[in-house]
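In what follows, a single structure is set out as structure tokens and then discussed.
Chain naming follows the written order as A, B, C and D, and within any one chain the residues start at number 1.
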Amino acid sequence: MFVESIKTPGLAQLSYLIGDGNEAAVIDPRRDCDDYAQMARQRGCRITHIFETHRNEDLISGAPILSEITGAPVHHGPNAAGDVTYADTVREGDTFTFGEMTLKVLETPGHTDDSLSFAIYDDNFGEQAVGVFTGDAMFVGDVGRTDFYPDRAKEVAGCLYDSLEKILSLGDQAILYPAHGAGSVCGDNMANREFSTLGYERDNNPMLQIRDRDKFIDRKVAEHHEQPPYFRTMERLNLKGAAPTRRVLTPPALSAEKFDQLCDNAVVIDVRGISAYLGAHLPRSIALPEDMIPAFAGWILDEQDELLLVAESSEQAEAAARHLARIGFDHVLGYLDPALPGWAAAARPFDSVPVVDVDEVKARVADNGEQWSLLDVRGRNEIEEGVVSGATTIYIGHLPQQLEQLSKEKHYTTMCASGARATIAASILRRAGFQHVDVFLGSMGAWQAAGNSVTQ
Amino acid sequence: MFVESIKTPGLAQLSYLIGDGNEAAVIDPRRDCDDYAQMARQRGCRITHIFETHRNEDLISGAPILSEITGAPVHHGPNAAGDVTYADTVREGDTFTFGEMTLKVLETPGHTDDSLSFAIYDDNFGEQAVGVFTGDAMFVGDVGRTDFYPDRAKEVAGCLYDSLEKILSLGDQAILYPAHGAGSVCGDNMANREFSTLGYERDNNPMLQIRDRDKFIDRKVAEHHEQPPYFRTMERLNLKGAAPTRRVLTPPALSAEKFDQLCDNAVVIDVRGISAYLGAHLPRSIALPEDMIPAFAGWILDEQDELLLVAESSEQAEAAARHLARIGFDHVLGYLDPALPGWAAAARPFDSVPVVDVDEVKARVADNGEQWSLLDVRGRNEIEEGVVSGATTIYIGHLPQQLEQLSKEKHYTTMCASGARATIAASILRRAGFQHVDVFLGSMGAWQAAGNSVTQ
Amino acid sequence: MFVESIKTPGLAQLSYLIGDGNEAAVIDPRRDCDDYAQMARQRGCRITHIFETHRNEDLISGAPILSEITGAPVHHGPNAAGDVTYADTVREGDTFTFGEMTLKVLETPGHTDDSLSFAIYDDNFGEQAVGVFTGDAMFVGDVGRTDFYPDRAKEVAGCLYDSLEKILSLGDQAILYPAHGAGSVCGDNMANREFSTLGYERDNNPMLQIRDRDKFIDRKVAEHHEQPPYFRTMERLNLKGAAPTRRVLTPPALSAEKFDQLCDNAVVIDVRGISAYLGAHLPRSIALPEDMIPAFAGWILDEQDELLLVAESSEQAEAAARHLARIGFDHVLGYLDPALPGWAAAARPFDSVPVVDVDEVKARVADNGEQWSLLDVRGRNEIEEGVVSGATTIYIGHLPQQLEQLSKEKHYTTMCASGARATIAASILRRAGFQHVDVFLGSMGAWQAAGNSVTQ
Amino acid sequence: MFVESIKTPGLAQLSYLIGDGNEAAVIDPRRDCDDYAQMARQRGCRITHIFETHRNEDLISGAPILSEITGAPVHHGPNAAGDVTYADTVREGDTFTFGEMTLKVLETPGHTDDSLSFAIYDDNFGEQAVGVFTGDAMFVGDVGRTDFYPDRAKEVAGCLYDSLEKILSLGDQAILYPAHGAGSVCGDNMANREFSTLGYERDNNPMLQIRDRDKFIDRKVAEHHEQPPYFRTMERLNLKGAAPTRRVLTPPALSAEKFDQLCDNAVVIDVRGISAYLGAHLPRSIALPEDMIPAFAGWILDEQDELLLVAESSEQAEAAARHLARIGFDHVLGYLDPALPGWAAAARPFDSVPVVDVDEVKARVADNGEQWSLLDVRGRNEIEEGVVSGATTIYIGHLPQQLEQLSKEKHYTTMCASGARATIAASILRRAGFQHVDVFLGSMGAWQAAGNSVTQ
């Protein structure tokens, strides 16, 4: 009797392979789902069922694809926003058995109307649940967001409250298996801890300390979460079922000449690390380091864009293509090999972005010139904890749409928490034709570590 | 500038990834062809062309599948037996460039009418070929079989002679890259050596020592080769292009109960080692050790059979399914887990086959009883080198069709070279209802090592 | 903040890598311990501490070896039977921090005098433990054995009772991380479940339902556990620190000729599956399937024996050598390649063992002949649940020392639960010169599944 | 019968596993030599012999280490500069057999006095060699350097001429297996092709077209090769036998704080890509991208230096440590995780280096100012093909020792072929206290691609 978690980096999504004897189930598979079948093989199991805790909005579900591979049916909750064409509907109290493990369905709406939790039991022992898969209802240190039905904000927050009560009633002994870990956009305050129990959460999860239903609702309604535009695509695909990924995700290696020919009709994204972009990059390329793709590609790229990658290696290009495929960006034409300095050695143009440190920024702030502005691209929750006095604030995700708020005549220094998102922002500005852009490396981290104050 | 060979075990088929700079080609890809794309990735290449030396008859071509994955076109020779729908036609003298390597097409019919060879050149050096891909025209220590056009036997043998002359004219310095190595049914006398050159073969390959065209033709026409019935399926699929393999080849693990339910309408094949089958096996199962599948499945199984596997482990089941997929057997329902003794512990029936050693066989031969017969299942070429006096000979591949030559009243001891094919034969007899069957373990190897004589 | 468990198959030993940020610790590493360093690398951690829950008696500790590799100190409990030369001593209440995770030492003697448990805390949350590493004190569904100090049986059983109370006082919410899972000789009744919590165990673990200290002591004192003789070697090595394994564990492949030369002074163990041994094996070889090595090698082999392996493949030979190395058998000279039938094809001698099924055994039992005996080699706890009437019982582990209880004049049919241990037993008898031996395949499983009764 | 080549990247060193049946040999193993044993396992072989073509000066030999692992003896040529303590001496005509393959020793001095070649033969065929391992005597497209005995320059060049004649006399059909491929410092003009034969080289290798012994000697004596100072260390270690590498090469991950503590007594090397260093790096760190370590670490680092790494990931840190270990740099204390921008976010200092393009450099050259200088760090052979007018030339390897030729008052723009070595040079200047340094990205490649002229 086993539970194995499979974490999708960047999205911090957690899927699970569970089973006993020769039978196994997968909960919330991601799009590139061959791995589950391989893991089941190593456990000596065949996959007999696939469960979804809810219709995912932040990544493409692999459920219909894994179902095709394995022949196992997909089970989904009632009340999805549309017809989940690849799944049948399960309801409160339905049970499924794998070897001597039994899984029982709980309807736990709130995050979405179709949200389910799944409690698991060891048939050889007593009647208590040993664990529970909570989807996006309960996380380690946080609970699910409830902002997907703006018209029914209070109603769904109340639903979530009731669902959490239902989950907690399984008992303190139950191990918690949520659908996301720290780093997901599905919750801002998750603990950086990969394991917990209902008992531990009941006493320690800040949201579960709010024992009053109305106060809980008020708190949830007041929360702010970002919704990247690609969520809409995910929701659509996760009703009708997305196509499998390509069998081989590695983009082809392209010579400088070949790459150049394709550039005009494609978006060039530089998936190397932040520093590499700053040092030298292709003009008009967008900085989107491989591990930041899951969080930011959905804000910046359009589903239909043809993409060209600048990468350090074929491995990095493949990793980038995998991240992109998980959220529906399949049109990767290839990657530049060799990247810089090979590109430059053919006398092709390149660019770089200067970095400035905390002392320089402090001096500029003090100088308070009209032609310079500090552009802070952090999210609303971070901004609310304080900004450098005088900074302009536009969330990185909104920047492509709000460039008209800025002036190409001015000199901008971008900042965020450390300098990573600031570099993405700088690349967006540069691509849009802003000439005077540099990056505050270290950003708010350095600002505060150096003892400077913030305003709220 | 590189050449990497990819060997398909069992079939001893050799395919190649070649390339330079960012560009690569694949020659004669097999059906499970994701590997080529991965290898190209590691070399920093994109695959720009796929070549076939001829229409394969012993395995499913991966050319149309790899073409789909990579977008690269497939190139095939003229005069295929039908229309190779997935390829364009290339001819003598056509050239293709990869970085600074050039590939040049030679028409080298004989083995088949559409056979091509491909010479490769280093553009930075002189005009000599550095290597040549000879398909099934020339092997290390042997040349291609010419028995596929029985009506034109002499004509095609003469074609091969001329093609070999053409290949040798590339010069002694050229490295030989054939489409098969030792162990293939495409040649009986290949050397057990993975590397050679035209110069070495010119002086050492026995077939190339026959410098007279007519004598060469006589020699080829007199050769005997087996043609397993699945060759017909391969030829058909390799004109129209076969479907890709399943993304995950591992068959599902099946409990004894589940397995039993499926048994009636399926063929059970025992892919464990020879000894394991002899020790204990499921009644009516056919012995077909995993590594013998490529050579013998095509004789024993029908394309439409639903298959159930008895395997030691999921890894072995997967390896078996992979071998089966490469030659077109896709209907694998699952494998028994646990196998023996788990099956027996549920009081389900099992069988075993006794083994006898050389002393026992010698005594039986001397005894010369009417009720006992030694059944030698080796191939014609082996039989011609000598048999145990009095043995009945039926080639293992023909056994399923020629059982009526044997009597169920008699006691048979099966033999081959070592005991492996003899065990497969014993399993065929047992499945057909023969009661008195045992296996001469060690077989002709032991017979001769013990100093016994053979008759011809 | 993560906990990763690493399971050593066969021994069902569980070790753990835990950590947060850049810092990690390993709990109870096994001898082949490069894996821990690799896993830490993948987590972006350096290993700063190594902990042992107690001095292991069933496998070689990797703590001193991993300490040498990483530079991290080893921490061990007080009151080890001797001086653990490679470790310092930690005591109740000592704490260690990894990133924002804190580990706290609990002294929990009983299984051994030096037994420790380690509770872990998330510094960002409340004061409750999130998990506890219990070593051999508490398992999923069972508690530790207390038979290592026969003179102090009641005392140490009482210690364990108190230790369990101490552990449970951490609270229902704590996740349980024991040092063994189902299949270990360190507990007979562990659940076949890889996850649990203190809360679940408090209500469901049968041993924890005994709330009376004296009754608990009586129950523990009445238990029977086997102690393989190699435990003494492990205890010795785990005080002074064993040497690392060889860097490459694969034994060399040996031709039949070479193998034969080495046979006289070595023990030949056949690590293939049970069926393969039954079908054909080298005379005098001992059946010890690769996956049964951890459980039975320590009963049958002597620390100083030079070992030769018969294996299906180099992978299997390597797996066998790895199992052997983990329990201190380092003298593996090589493996036979090819095994059967290649060995037989050189006219070298081989043997086989007949199998009999439940019907045949039933008939023999009914026949009740003097010259035949059923030899049941299961353990005492299994025997107590019932035997076939008339069977002789000797535990497989004791068989090599108790052969004088049997007569070489008689015919023995060996049995166990399924036929696996029965095959090992048959091989021991054959090696000792017993001529008339066969194996009841299916054994007690088949006996009962076929509806036959047992006597107690 | 097989030959597998194992390439050590960066050094472009080629070692080989060869064998037949159950027996194999390794030729010129590198220090991290577990791989050979694993490969032999996959081939079903045991390693029975280890051969060295000569005492390596550019990397640590793994021969004594592999000998310890496998028990196989090491064979080395006569006349090594000292006593190769771990090897016995083999001489012209000695033969060794592996299955049905025979290896025969040829003494082929010239590159070194102890240089051997090894011809291989297929015992089943004629008397010609099928292949030859030429060590550093003959390469694809080039021959070995002969500058290691300056006092005997003409003598050893003549020796090499004679040795090449001896090798060529094996016949055109022999496949060439050299000890280095393109990219090695052991030859400047090797072809970028991984395969060749004696026949192809005889007609196409430029050095083998010099058919006059005296002209050959003159040509060799006139050649220029660099000798990095670490060659001395390698020569010393390869007489007495170096220690094995650490079992786990991954350096520990270090937090910014921990890293900072260790900085004072260590050399910080930045193993990220060139662009990343240019964009942002730790002050005083040396740019040494992971894949450039083999070529340049031996010039810049001292054997005793304690090293700290700045890497993008643990994988990159491990790759860097592996490269370092192969050439004797074992004192790697750890790597910074997270690197930039994490380091900056703690308000720790960082630096960057500006890049300039070909237009800017052209303008500066035209301007011809006194305060600016173009510093070209390419090697002598490259310099001889032309430089930008007015450039100062110091080979990158000599730069650390020749800084006194430069003035800290001046502004330097470093250049090489593409900008990679120029970045290393810039980091050396910056570490030495030069304030005004930038890098000509694209360098000579861009200069010429843009149509600018060079002077000689």
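As a working rule, a contact is a pair of C-beta atoms (placed from the backbone, for glycine too) under 8 Å apart; a residue touches a chain by one contact, two chains touch by 3 or more.
Here the structure is a predicted model, which means the values were calculated and not measured.
Across the two interfaces under comparison, B-D and B-C, the one joined by more C-beta contacts turns out to be B-C.
The chain with its CA mean position farthest from that of subunit D is C.
Centroid to centroid, with C-alpha atoms defining each point, subunit B and subunit C lie 43 Å apart.
Separating the centre of subunit C from that of subunit D, both taken as means of CA atoms, is a distance of 48 Å. Residues of subunit C found to touch two or more other chains are absent.
For subunit B in complex with subunit C, the touching residues are 272-281, 312, 339-342, 344-347, 349-350, 352-355, 357-358, 417-420, 441-447, 449-450. By the touch criterion given at the top, residues 21-22, 34, 37-38, 40-42, 44-47, 69-70, 244, 246-248, 250, 252-255, 258, 314-315, 318, 334, 337 of subunit C touch subunit D in their complex.
Every residue of subunit C that touches subunit A in the complex is listed here, in rising order: 1-3, 20, 100-101, 122, 124-126, 128, 130-131, 141, 171-175, 191-200, 202-204.
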